[in-house]
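Labels for the chains are A, B, C and D, by order of writing; each one numbers its residues from 1.
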Amino acid sequence: MVSLFAVADAVTPGGTLLVLSLLVPVAGILAAMLAGGRHVARVVAVVVVIGLAVAVAIGWQMLQSGSELVYWLGGWAPPLGVGLRADGLSAVMMLITAVVVGGIAIYARAEFRTPPGVTEARAPYVFWIMLLGIWCGLNAVFVSADLFTLYVALELLTFSAMPLVCLDGRAETLQAALRYMIFALMGSVLYLLGAVLIYGAYGTLDIAQLGQVTQADAATVAACVLMTIGLLAKTALFPLHLWLPPAHAGAPPAASAVLSALVVKGSFFIVVRIWFDAMPGVPGLGAAQLLAAMGAAAILFGSVIALRQQRLKLLIAYSTLAQIGYLFIMFPLAFDPAVGEFVRGDALTGGMLQAMSHATAKAAMFMAAGLIYATLGHDRIGEMAGVARVVPITVLAFAVGGIALMGIVPSGAYLAKKLLLGAADGSGQWWWSLVLEAGGFLTASYVVLVIAQALAKPAAPIVPRVRVARSQEWAALALAVCSLLLSLAVLGPVPASLISNPLAPKELLASAIAIIGGALLVLAYSRELPRFAIVDRIAGLLRPLRGALGALANGFVRIDDAARQWSIAGLSMLVLTLLFGAAMVLQR
Amino acid sequence: MTETTLLGLCAAVLVGLGLFGLIVNPQPLRKVLAFNVLGGGVFMLFGVVARRGAAMGFGGDPVPQGLVITGLVVSFAATALAVALILRLHAVAGTASLRADALDATTAPPTAAADDAAAVQRLT
Amino acid sequence: MNVLPWAGALVAVLLLALALWVIVVRSTFAAVVGFVAYGIILSLVWMLLHAPDIALTEVAIGSGLTGVLLLGAGSRLRGTEGNENAHAPGAVVRVVAALLCAAVTVGLGLAVLLLPEPAPSLAPLVAANLYRTELGNPVTAVLIAFRATDTMLEVVVLLLALVGAWSLAPDRVWGGYPGLRHHADPNGMLVYAARRLPPLGIVVALYLFYAGSNSPGGEFQSATVLAAMWLLAMLAGVTHAPPTAALRVRALLVMGSTVFLVVGIVGMFTAGAFLAYPAGWAKVFILAIEVPVTLSIAVALGMLMAGAPERPVQA
Amino acid sequence: MISALDVFTLVFVAGGAIFFLAGTVGLLRFPDTLTRLHALTKADNLGLGLIVIGLLPRVDSVTAGIKLVCIWALVLFASALVSQLIGRAARREELDQ
């Protein structure tokens, strides 16, 4: 998927499509802002259809021409002008973004409807415009070939994401939005500082040109460190995640889906661009190991704390924290010691595939959580028993999304894991295989917990507070199924031998082991055991173990609480800056 | 040392000061101020880079100079948005703190009555 | 520009002292006042760095508008200071943070010292292509021709920030009047200034706009002066910010970006690329963009200063 | 060679500088807002005025001279306005106490 397309050096046919991918959301923002009221949702509906068509056209054009798409804005060639460039990564990310935005838009039509008798309401107006703003920012991130345009795109993302966090106006969400805003601003200004140093050293901001000239001198190393740290703060990689759990858990469900599935991927994508394309020879293996170690810590802390949550939305938010960690495991695996650079290969494909499966699955899970909340009037995991009988499609969507995340055939995460494991074996870094395998069990644990709770027998029959719209349930399920079948969609570029028959005994056994392992973890230290007779009996047997593991998990929670203190997070950021700097300098 | 290099080092110190303020000062408005000090340092370094690239009769490389102007406007928008957010948090919660425990559990949901009360309080 | 050999050192010391003051002083009011001075000294730095365009922008936006914004916010938040300061991190955290920040500064300083000589520059490329934009000011050429897409996206960023600020309104006052109502004091000096200064300010703004094509100035500086005049009238109570739902306001806001978009698409068909200008027509195309964009930016800046709606339209 | 014009400039700029110095000392030493304001306005108006007069013979063109005078006029206007506002605020605060 990644090395399929030739590198292009001049404007290519079809490059106009890249401009369209920016212009369509911008035009939508302007039209929606002007028209207001009920027209906003209509404008967005039109823009979603056209935007999806543009994304498909870009992918089709690339398959046809077998080359990257390049466009020079204003006809000015880089470095003087700004270039747009789409490779395989950009194309698939744009496509998956368009699909997720489409799914969220269908879901949100019921949630953000202008009430009758009102010409214009605040929440719908803001939600729809910001949805387009996020889409525009993401497309700009995916196609821009210029470090400064990427900075503007990052700010576009932040400014659009912040209002979504506090859309309901409660004090907690306003505080969450403020924490996010200030931390993200710090991140983007550090990124900009790195870009400034790059310009000072090379006189260009064009990523393709930089890829050919960058070398590990002082300014470049400093730039790489600053940009990486700034972007990690915006991606909320552990321990720079102080803003993520409250922001993602407190927003309205549709907004949470956007934030969790899409927004964090923007800054992650720029990290990939910088490490693989702009300066592949600069960071070195040491820094990559550090990055992956942060990812491993994120998986461990995110998953363990997710299982200790009492509220479904917080559980999903912490799951996002863990899944962000997954995205960074690929970096040391993609390092080729022979050339001393990060090279595009199976590891990168695996990492990006992970990002795409998480985008679809997590959007589906947040939507499902929103529907469960609407049905029950709360999202307390301990009181969810029997909800599967009331909203079966919703629970199915959550389950399918969760299974897709666990990495069971034929989900995208399955293929991602397989590619990453292969790369880990190939480079002899067995410890990352261990992390990947453990991560699978940890993911399974919180998914199994929620599904078991939903399937359990209710103490009293549930009377749904509202009837959720069918369209919302199906939107969630569709995205979840997308994630589950993602590996099939990329069958073309990867060898078919990587995908096994999901019903083969070996795969069934692997899936069963993952689920049983997850169930055992639930029994070991979950606070909200589902009410099944057998569960009680096993938990009784495991009591001493549960006590010890519960205390351990509480320790994790306490460390996480401390790490999310503003000053501690700030200090971690500075320490990591110095550590990355030291790792890159020692590498030389 | 040339004047330009001196100003470049000065910019580096401004970045350090800004970071310190962002991390250590507990008040969000002061964090926004520190963010602006930090931004001033970053833009100044860009100006130093531009000045180093002076050629062809231009006093500085015009490309980074143009980018600084764009950056200043974006940074103003960020400041305005952050300030609006701080003021709203203050109006709803009576505090503009970033600490999770500063919001007591009794913080009222945003009802019309609470909004009115907040509005009245602000207007007087 | 370099009147005195040690002007750079003097300005650097002043700047650092002011920055330190902004960061460590206890009172927020004092910090904001320090910040305004910091911005003014920073604009002196821009003159030393031969960047008069940025000096103008810094004074207008970086110091002026930001200063007014923070002063207003500081006065509304007075009273929360003491409570928050009680929760300042302890001495250990402060010392560690100071040491770490110093280490980062040293690293950054080293990177600055080790920047390659001779410095790379795009100035020759700009000089070689300037004639194609029919502009005399290279910075304006960068903003409106070579990197016009950045500028377009940036205006969209301003709009999104504005909608973001509006989104902080209570539902009840959505679409209403932003900010506090200032009452005009009939005998006040401010009212006098708000009536006398704007004509002068508009002339200055027009001059900056007109001069921007060939000498320092341009649409951002011009728009900021316009916004400042509007803000002065608002603060004096001579006028008030219009309701955010007003169609004329929204039309003015989106006008600039819309024209940007349309002219860009016209460029696709007449000059072969988005936001390209056909030979001989560059000046016309650029003017067609700059006039509405200046107005839109001025309105957006003014509305951003006014903040979220606080009073419903009916009241 | 020092010409008569140079002497003129030196005298006026030095005079302006003295007013600025005096104004700053006043700002630091005077006891309350109003007296401090009094010190400051002298620096703004007279000090800057003297400096502008001192610089006028040295300008290259008439436009530059007009610019200098405009700067002075604007500062006069702004400082008068701001002093008035600060004075009012100080008085209001005094009455409140």
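Here is the rule we use: contacts are C-beta pairs under 8 Å (C-beta built on N, C-alpha and C of every residue); 3 or more make two chains touch, one makes a residue touch a chain.
Everything numeric in this text was worked out from a predicted model, so none of it was measured.
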Which chain pair is joined by more contacting C-beta pairs, B-C or C-D? B-C
Inter-chain centre distance, chain A versus chain D - centres from mean C-alpha coordinates, in Å: 59
Go ahead and note the Å separation of the Cα centroids belonging to chain C and chain D. 28
For chain B versus chain C, what separation do you get between their C-alpha means, in angstrom? 12
Taking each chain's centre as the mean of its CA atoms, how far is chain B from chain D in angstrom? 32
Hunt down the residues of chain A that sit against at least two other chains at once, touch-wise. 80, 148, 152, 155, 159, 162, 166, 169, 174, 193, 197, 200, 203, 567, 570-571, 574
Could you check chain D for residues that touch two or more other chains and list them? none
Which positions in chain C touch two or more other chains at once? 89, 93, 97, 101, 104, 108, 112, 115, 119-122, 126, 146-147, 150, 154, 157, 161, 164, 168, 170-171
Between which chains is there touch? A-B, A-C, B-C, C-D
In the complex of these two chains, what residues of chain D are touching chain C? 77, 80-81, 84-85, 88
Provide the residue numbers of chain C that touch chain A in the complex, in ascending order. 89, 93, 96-97, 100-101, 103-104, 107-108, 110-112, 114-116, 119-122, 125-126, 129, 145-150, 152-154, 156-157, 159-161, 163-164, 166-171, 174-175, 245, 247, 250-251, 253-254, 257-258, 261, 264-265, 267-268, 271-277
Touching residues (chain side chain C, partner chain D) in the complex: 188-190, 192-193, 197
Note which residues of chain C are touching chain B in the complex, please. 1-2, 7-9, 12, 15-16, 19-20, 22-23, 28, 31-32, 35, 38-39, 42, 45-46, 48-51, 53-54, 57-58, 61-62, 65-66, 69-70, 73-74, 76-77, 80-81, 83-85, 87-89, 93-94, 97-98, 101-102, 104-105, 108-109, 112-113, 115, 119-124, 126-127, 138-143, 146-147, 150-151, 154, 157-158, 161, 164-165, 168, 170-173, 180-181, 218, 220, 297, 301, 304-305, 307-308, 310-311
Show me the residue ranges of chain A that touch chain B in the complex, using the header's touch definition. 80, 148, 151-152, 155, 158-159, 162, 166, 168-172, 174-175, 177-179, 181-182, 185-186, 189, 192-193, 196-197, 199-200, 203, 246, 566-567, 570-571, 573-574
